[in-house]
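A single structure is presented below for examination.
Note that the chains are named A, B, C, D and E in the order they appear, and that numbering of residues resets to 1 at the start of each chain.
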Amino acid sequence: QSSLVVPTYGGLWAKFWEENLLPGLTSATGIQPQLDVGLGKDFVAKIRAGGDRSPYSIFMGNENIAAVLRAEGFFEPFDLAKVPNAAKTFPQFINKDAKGIRAIVSPIGLAYRTDLVKTAPTSWHDLWENPEFKGKTGLYQIGNTGAVLFLRLVAELFGSGPDDFDTAFTKIKELLPFTQASWSGEVATALIRGDAIIAPVDWTEIMTLQDKGAPVAIVAPKEGVLAFEQSFNLVATGAEKDAAHAYLNYILDAKVQQDMAKAFYTSPSNSESVVDDALKARTPIVGPRMAEIKSYDWDSYVDKAAEIADRWNREMA
Amino acid sequence: MTALTIDRINKRYGNLHILKDISIPIGQGEFVSLLGPSGCGKTTTLRCIAGFERPDTGRILFGERDVTRALPEQRDIGMVFQSYALFPHMTVAENLSFGLEVRKVAPADRQRRIADVLAMVRLEGYDKRYPRELSGGQQQRVALARALVIEPSVLLLDEPLANLDATLRDEMRFFIRDLQQRVGITSIYVTHDQAEAMVMSDKIVVMNAGTISQFGSPREIYERPASQSVAGFIGRSNTISGKIAEALGQDGYKVETPCGSIGATGPAGLSKGAEVKIMIRPENISTRSQAASGHQQGAGAEEAGSGENVLAGSVVNSVYQGSANQLAVKLGSGDRVIVDVNGRNPLEVGEQVALRFAARDTWLLAS
Amino acid sequence: MSAVEAAPRVEGRSNRGSTTWMVVPALVLLIGFFALPYLTIITMSLREASTRAVYGEGFTLAHYTTALGDFYIWGILGRTLLIGATVTVISLLLGYPVAYHLAKSRSRWTSLLYIFVLSPLLVGLVVRTFAWMIILSNNGVANQALQAVGLIDFPLQLMNNSLGVTIALTHVFLPFVILPLLGNLQAISPDLAMASRSLGASRMRTFWKVTLPLSMPGIQAGTILVFVLSISAYVTPAMLGGTGGRTMSVLVVQYLVDNFRWPAGAALAIIMAAVAVIFVGLYLRLTARAMRRLP
Amino acid sequence: MTGATSGVEKTIWDRLFTVLVAAIYIFLMFPIVLVVLLSFNSGEFLAFPLEGFSLRWFEALFSNKRFLDATLYSIQIAATSTIVNAVIGTLAAIYVARHATVARDYIRLIMTAPLLVPEILTAIALLFYFYEIRIGTDYSIGIQIGHIVVTFPYVFLNVSSALFNFDRSQEEAARSLGAGGWMTFRRVTLPAIKPGIITGCLFAFVISFDIFNISLLLKSLGSNTLPLELFDYLRFNFDPTAAAIASLSIFMTFAAILIIDRTVGLRSLRF
Amino acid sequence: MTALTIDRINKRYGNLHILKDISIPIGQGEFVSLLGPSGCGKTTTLRCIAGFERPDTGRILFGERDVTRALPEQRDIGMVFQSYALFPHMTVAENLSFGLEVRKVAPADRQRRIADVLAMVRLEGYDKRYPRELSGGQQQRVALARALVIEPSVLLLDEPLANLDATLRDEMRFFIRDLQQRVGITSIYVTHDQAEAMVMSDKIVVMNAGTISQFGSPREIYERPASQSVAGFIGRSNTISGKIAEALGQDGYKVETPCGSIGATGPAGLSKGAEVKIMIRPENISTRSQAASGHQQGAGAEEAGSGENVLAGSVVNSVYQGSANQLAVKLGSGDRVIVDVNGRNPLEVGEQVALRFAARDTWLLAS
C-alpha cells in the first residue's frame, strides 16, 4: 500500500486534483495518494527540513525553484523507463538527463485592458514604445518566478542573451514606475482596478477573468512567450519512488493534460493531447506553437539568484 | 444670607428613593454636622453638594449661585471621602500638593503648607510614602490633610476620623475646627459619633431614611429632640409613657404615669389627655441605693412643687465602662431606665434604688 | 528586559505555599518549543551561504556584518521602526478615547460598540487587506470620493508606500490598545477622578494627572503589542506597501521564502528581533518609573 | 478628556469628544462594511462599483467543501491554542507577577519572546526542530504547537496587565474564610482578572485564526487552514467568496455577542 | 492552656521595624482588644496571626500547634478587614455564602445562616445588592457578617464598627460578643474606641510604636495604667506632678505637689523622694463653684486623714458635650485639669472652682 504524498496548489488546481486527477490516478494505478495543498515554496522548506526523510517523494514547483533543491542534491533523475508518457512529451520540457520534467505549462503573454488600451500590444517592445503604457504597467515582483522569467526575456531581447542581466536591469528600469505584484492574482486585481492596464500574466489568469466578463485580453507577442513551468522532480530522500514515477506518468497522460487545459487553461505538454478549436481560439499556445515558449536553463541561475533579487530590490523602486 | 442652600433635592438610584426632599440652609462659615443611621443618605447628600451626583430634582446654591449643574471643579470644595480615595500613584506629599498646584500656589509656599498640614495630622516624615505603605488611620489623615490644605470655601467631610484613636480624634477635631473657623470655611461634617457632632457643630442635621428628622443647634437637638427617634439616635435616652394631666403654663406639664405623677417640660401646646413619652437623659438622673435614701419601694413621683421627681426601681443589669458603670433599672411601671453611676461605686444587680431627676431635665415627646 | 514591568512589591515572606509549578508548563512550552528551536536558527545564521546545500560548511559572521554595513537595509529597518512607532502612537491616540468612552458608557448600545471595536479582528487578514486595497488604490474608493467632491484632481498615492501600510495597520491594531486599556480603565475607582475634581482639577487635568498615570499598565501592554505587531507584520506591508513601503519582515520573508537564503535571512530576522528587543527595552525603561508608582 | 460622569452638564467638549469617538468607530467599521457589501455584490470581482444584490457568493461558499473543512480546522487549532494558553498563560502571568523572585526579568523575557521575532523565522525554526525530534509534519501536533507558542504572549501580557489592577486584599479575604489556593483563584482572582483573560484569549484566537507562515510550513500533510485556503483560492479565483467568509464571521460574532448580552449580560464578561 | 499564643514576633517592612518582640497569650474563648495609636502595628499584628504576613522572627501558636508557617486557610480564622475587602463581583448573599461553601455547609443550612446573620447586622433585604450599591456602613456590616457567619475558631476584627452610628455600634457589639461567647470563639478586636474595648473585652493589649505597653483586664488598664502614655491613651486623664513625701503602707502615699500635699494610691515600692505624676480621671473629680464651697483660692490639698483631696483653680475653658460640659481648670500650680460637670449646670469661664477627689481614685505613675 503506497502512501504517496501529492503536492499541489490551491484553488482550481486543488479542485481538479481532488475531483479528477487523483481518482483517475487511483483507478489507473491503484495508488491511494494523499493530497497536500501548498504554495510551492513551502514544499521546499519541508524537503529541506526533512533531511534524509522527505515527506514528499515527488516535488512540484516552478522550474527555477526546483533548480535550487536540485543544486542542493535533494533530487535524482527519473527513470524514464517508468514514465512511458515522457516519450510523447514535447522534448523541450524534459530536462537533460531526465533531471526534472516540466509537466504542466502555463504560457505567459501580454495582457491588457481592452477598454483602456487603444492600440493592442503585439510585441514585448510595446511596453517600452507605446506611450499609453507609461506608468500603467504591472510586473511581478522579484519573489515571483514571473519576474525572473521577464528579466531573462528582457536580457535576451535587448542584450547578449538570457544571462545579460545588466542590460535587462537597465531596460526594465526604464519602465518605472510600475506596479509590482506578488502573484498572478494580484496582477489581475491591478488590471481589474485599472491601476495597471498592461502586464505580463499567464493565460490561466486572464482566461479566468474573461470567463467572468472582465474587459481583458491576452496576446502572444511576436518574439515568443514565457511560461510558468511546473517542474516535477524525484526526491532522493523520498520513500515512494515507484509511485512517484507512476504519478508523473499519469500527469503526462494526454487525456489528463487535455482535461487540465479545459479546467484551467494550461497548454498540454503531451504532443498527443487534443485541444478543440474553441479552446484553441482562446489559448493559442498549444501543439506546435509550444515552440514559441522560451524555456531557460535555471541550474546555472541558482548561483546568481540571491544577488539578482537584491539588485532588483534596490533598483526597482 | 446662607452660604450654601440645599433646596428640596431628591435623588433616586433606579427604583430606590435615596434622598427625599432634603433642604438645608447653611450660613457662611458655619459648621454643620450630618447625623443619621448607616445608609440614611449622608454620603449621597455630600456627593450632590460636591457635584458628583446630580439631584433628580431640587437645587443647590452656593451663595446666590445655582451650582446644581456646575462641575465639581467649579465649586471650590474640599472633600474627605469615606473611602479616602487617595491617589495611589502619588506619595503623601504629592497627594497634598495636587490641590495646591491646581490653585497655582507657588512651590515654596506649597512646601510650607504641606509641611504644616502634615505636622497637624501628625504625619511628619511620611511625605515620601505611598498610600499603600500607610496604616488605615494614617491614610485617613492624609485624606483629611488633602482636603484641608487647599482651604476651600466649602469643606465636605465624610466620616474623616472614623479610623482614628481617641487622642488623635481629639487633636484632629480641634485642628479641623480651628482651621475652619480661622479661614471661615463653610463645612459639612458627616459623622456617626454624636458626641463629636455635639462638640464641633454650629448646627446638626439629623437624617433618617433619606429625610431630615431635625435641624437645629446641638443643644436644641439634644435637649429638645423633635421625635423619639431623634432622641434615641442622639445620646442615650430613657422614656416613660404617660398622659398629660395638666398644663402648667410656659412649657411645664404634669404627666400621669404608672409610677405616679411626674413634673416635666415639653413643647408648648400639648393638650390635656395627650399620650406622651417623658424623655430623660441618663446623666440627668441621680441614683441612690434605696436603703440609703429612705424612700419606700414603689413610691415616688414628684416631690411636691420642687420640680424634682423621684422614682423607685431595682437594678437589673450593670456594665463596667471605665469612667462609669451603666445600670439598667426597672421601674415599678415595668419601664427600663438606663442610668450612670460612678465606676468606683457600683450598685449590685437586684439592689433597690431611687432615681431622682428634675422636671426641667425632661422633655415630652408626642407618642 | 520585560514586556510588562511589575512594581516591586514589598512582598515580605508570606505564606503562600509552593507556586513554582505554575510557571512550569509555560517554561516547558517556551524552552522546549521556542528557545531550543531558535538555537538551531541562531546557528544557521552563523553558517556560510551555499547554493549547493541548505547552508555551507563553515561558520561566519558575514551575514551580520554585510547586513549591518548596508545602507539599504538600514533604510528598511528605519522605515520599519518609523511605521511601528507611528502606528503605535496613532493607535494610542485613537484607541484611548474609545477605551475611555467605552469604560464610562452606560448606554444600552454598549454591546454594539464592543462589536465595532472588535470588528477589525473579525475579518481575516487577507480579506481585510484586500478591502484596504479597494479603498486606497489609485482608482479606489477614497480617491474616487475625494475626486467626486472636487478636493483633488489627480489620485493621491495612498498605497504602495508607508502611508497605506500605516493606515491599514493602525486599523487592525486598534483593538490591541483598546481592549487592554479598557480593562485597566474599568478597574480604576471612579472616586479617584472625583477626588481630583473635588480638589479643583479640571477634567483635563484630572485626566493627565490621575486617570492617565493609573492606566499606564494598559497603555504599556497595548502599545507594546501594537509596536511589536506592526514591525513584524507581513501581509499588510507586502500587499499594501509595494516597494515604497517595504519593511524588514517583507525583506526577511523574501530572503527566507522566495530566495531560500536561510542563513542570511535568519541573520536578518535576528537583527530585526534584536532591534525590537532594544526598542521595547528602552520603552520599558521610559515607562518603568511611572509603573513603579502603581500599587 | 471628558466622559459621562453623572451629575454634570454636557459641555461643548463632551460633544466634541463624542464626535471624535464616533469618527474613530467609523474608521474601525468602514473596511468591514465594505467587505460585507462586497459579499452581497452580484458582480464577479472583489471590487467596486457594486453591481447588484446577490447571495451567490454565500452559495459558493457553502458548496465549497475545502473552505468548510479549512474553517473547521482553523477553528479547532485556534480553539485549542486559546484554551491551552488561557491556562498556562494565566498561570505563568500570576507566577511572574506574584511569586517570581529570582530571574523574574528573564522569565518575562522568554514569555514575550515569540512576539519579538518574525513569525516566518519561528516557523522555519520549528519546522527544522520538529523534523529533528521526529515529530515531522505528518500530524497536526506540529502546527498546533506552533500556534500555541506564537499566541502565548497575548494571553500572558493581557493577564499580567489585569493583575496590576487587582486588589489583593480580596484574595486575603478569601483565604481568611478558609478558601484554599484553588478556590481563591477560581472564585476571587479569576473573576477579577477575567477581562484580561478574555482579551488575551480573544487576541490569541484571532491571531491563531489569521497566522499564515506558521500554518504554511507546519500544517500536517493534507490539511489546510482557512487563511491558506483563502490565499490559495484568491490566487486563482479573485471573487467575493472570500468576502462572504468574512461577512459570515462578522454575523456570527454579532449574534454571539448579542446572545451573550441578552442572556448573561455583557457586563458580566467585563472585557 | 492558651488558645492562641503570639510569641516574640518581629516584623520589618524594609528598614522599618514595625513589630518589636510582640508577645500575647490568649485563652480559649477570650475576647482581647488591641488598642493603640494609629500606625502602632495593630493591623500588622492581625495580619501575622491570620497568616498574610510571616513574622521575621517569633512564633504563633494556635493551641499547641505552631502555625507560624501555616497557610491562612489552614487556620480556621474569620477576619474583618479594615478596608472591608468585600468581593466586588459577588452580591451580599454570595459574599456571605463564600465561607460557608468552603466549609461545605449544606445549601439549606447556608440560606438560613445567611438570613440570620443578615438580620443581625440589620441588612435584611440587601442580599441581592452588590457591594458598590451599599453605603460605607452597610459595607462594613457585610464585612462583619462575612467573618461571623462562618463561626471560626479565631476571630480577627480590624475596626469592624468604625463606620457605624452609635445605635448600630451598640447592637453590633452585643451581637459580636453574644456570638463569640455562645460559640466560644477566641477573638482579637482592634478598635480605636476605648470605651468599646472596656465594655467588650476580657483583656486589653495596649500597643505603642510596635511594642506592647500593657496587657491586662480593662479595669487594670483603666485604673492602674502602667505608664503615663497608657493612662493618656485610655480615657481622659489628668496628671499633677509631685514627689513622694511619705509611703503610707499598702499602696497609699502622700505626695508633695505645688498645690500642697495630696493623698494618693500607687504601685507598691515607690520610694520617698521619687518623682511621680498623680493621675486622676475627670469623672472622679467633683467640682463646685468656689463661692459655694467656701474654700479659699489657692488653698487646698488633702483634708487630713479623710482620703479626700480638695484643690482650687479657675475655669479656663468649657465645652458643651450634650450629656456633660467638659471644663478645663487651671490649678494654682499651673497644671491644667479636665473635669466634667453636668451639661445643665455650666460653670462660666473665669469662675473659681474647688476640685475634690478621693485618694483611692488616683494612681501614681513614675515620671
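Assume a contact is a pair of C-beta atoms (placed from the backbone, for glycine too) under 8 Å apart; a residue touches a chain by one contact, two chains touch by 3 or more.
All of these numbers come straight from a predicted model, not from anything done at the bench.
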- Query: If you take the chains that touch chain C and keep only those that also touch chain E, what is left?
  - Reply: B, D
- Task: Taking each chain's centre as the mean of its C-alpha atoms, give the chain farthest from chain B.
- Result: A
- Message: I'd like to verify one number: the distance from the centre of chain A to the centre of chain E, where each centre is the average of its C-alpha atoms, in whole angstrom.
- Response: 93
- Whole-angstrom distance, CA centroid of chain B to CA centroid of chain D, is 57
- Query: Where the CA atoms of chain A average out and where those of chain D average out, how many Å apart are those spots?
  - Reply: 37
- chain E touches at least 2 other chains through residues 13, 51-52, 71-72, 83
- Task: Check each residue of chain A and list the ones that touch at least two other chains.
- Result: 45, 189, 193
- Message: Two-or-more-chain contact residues of chain D, please, as numbers and ranges.
- Response: 5, 46-47, 124, 128, 181, 231, 234
- Message: Touching residues of chain D toward chain E in the complex: what are they?
- Response: 167, 169-170, 172-181, 183-184, 187-188, 191-192
- Message: Using the touch definition from the top, list the residues of chain A that touch chain C in their complex.
- Response: 41, 44-45, 48, 68, 71-73, 141-144, 179-180, 182, 186, 189, 193-195, 302-303, 305-306, 309, 313-314, 316-317
- Residue ranges of chain E touching chain D (in the complex, touch as defined): 50-52, 71-73, 76-79, 81, 83, 85-89, 98-99, 102-103, 146-147, 150, 152, 156
- Tell me, which parts of chain D touch chain C in their complex? 1-5, 13, 17-18, 20-21, 24-25, 27-32, 34-35, 38, 46-48, 87-89, 91-92, 94-101, 104-105, 107-122, 124-126, 128-129, 132, 145-146, 148-149, 152-154, 156-158, 160-162, 164-166, 181, 195-196, 199, 202-203, 206, 209-210, 212-213, 226-227, 230-231, 234, 242-243, 245-246, 249-250, 253-254, 257-258, 260-261, 266, 270-271
- Note on the structure: Counting only contacts in the complex, chain A reaches chain D at residues 5, 9-15, 18, 34-39, 42, 45-46, 49-51, 53, 55, 183-185, 188-189, 192-193, 204-205, 208-209, 212-214, 264
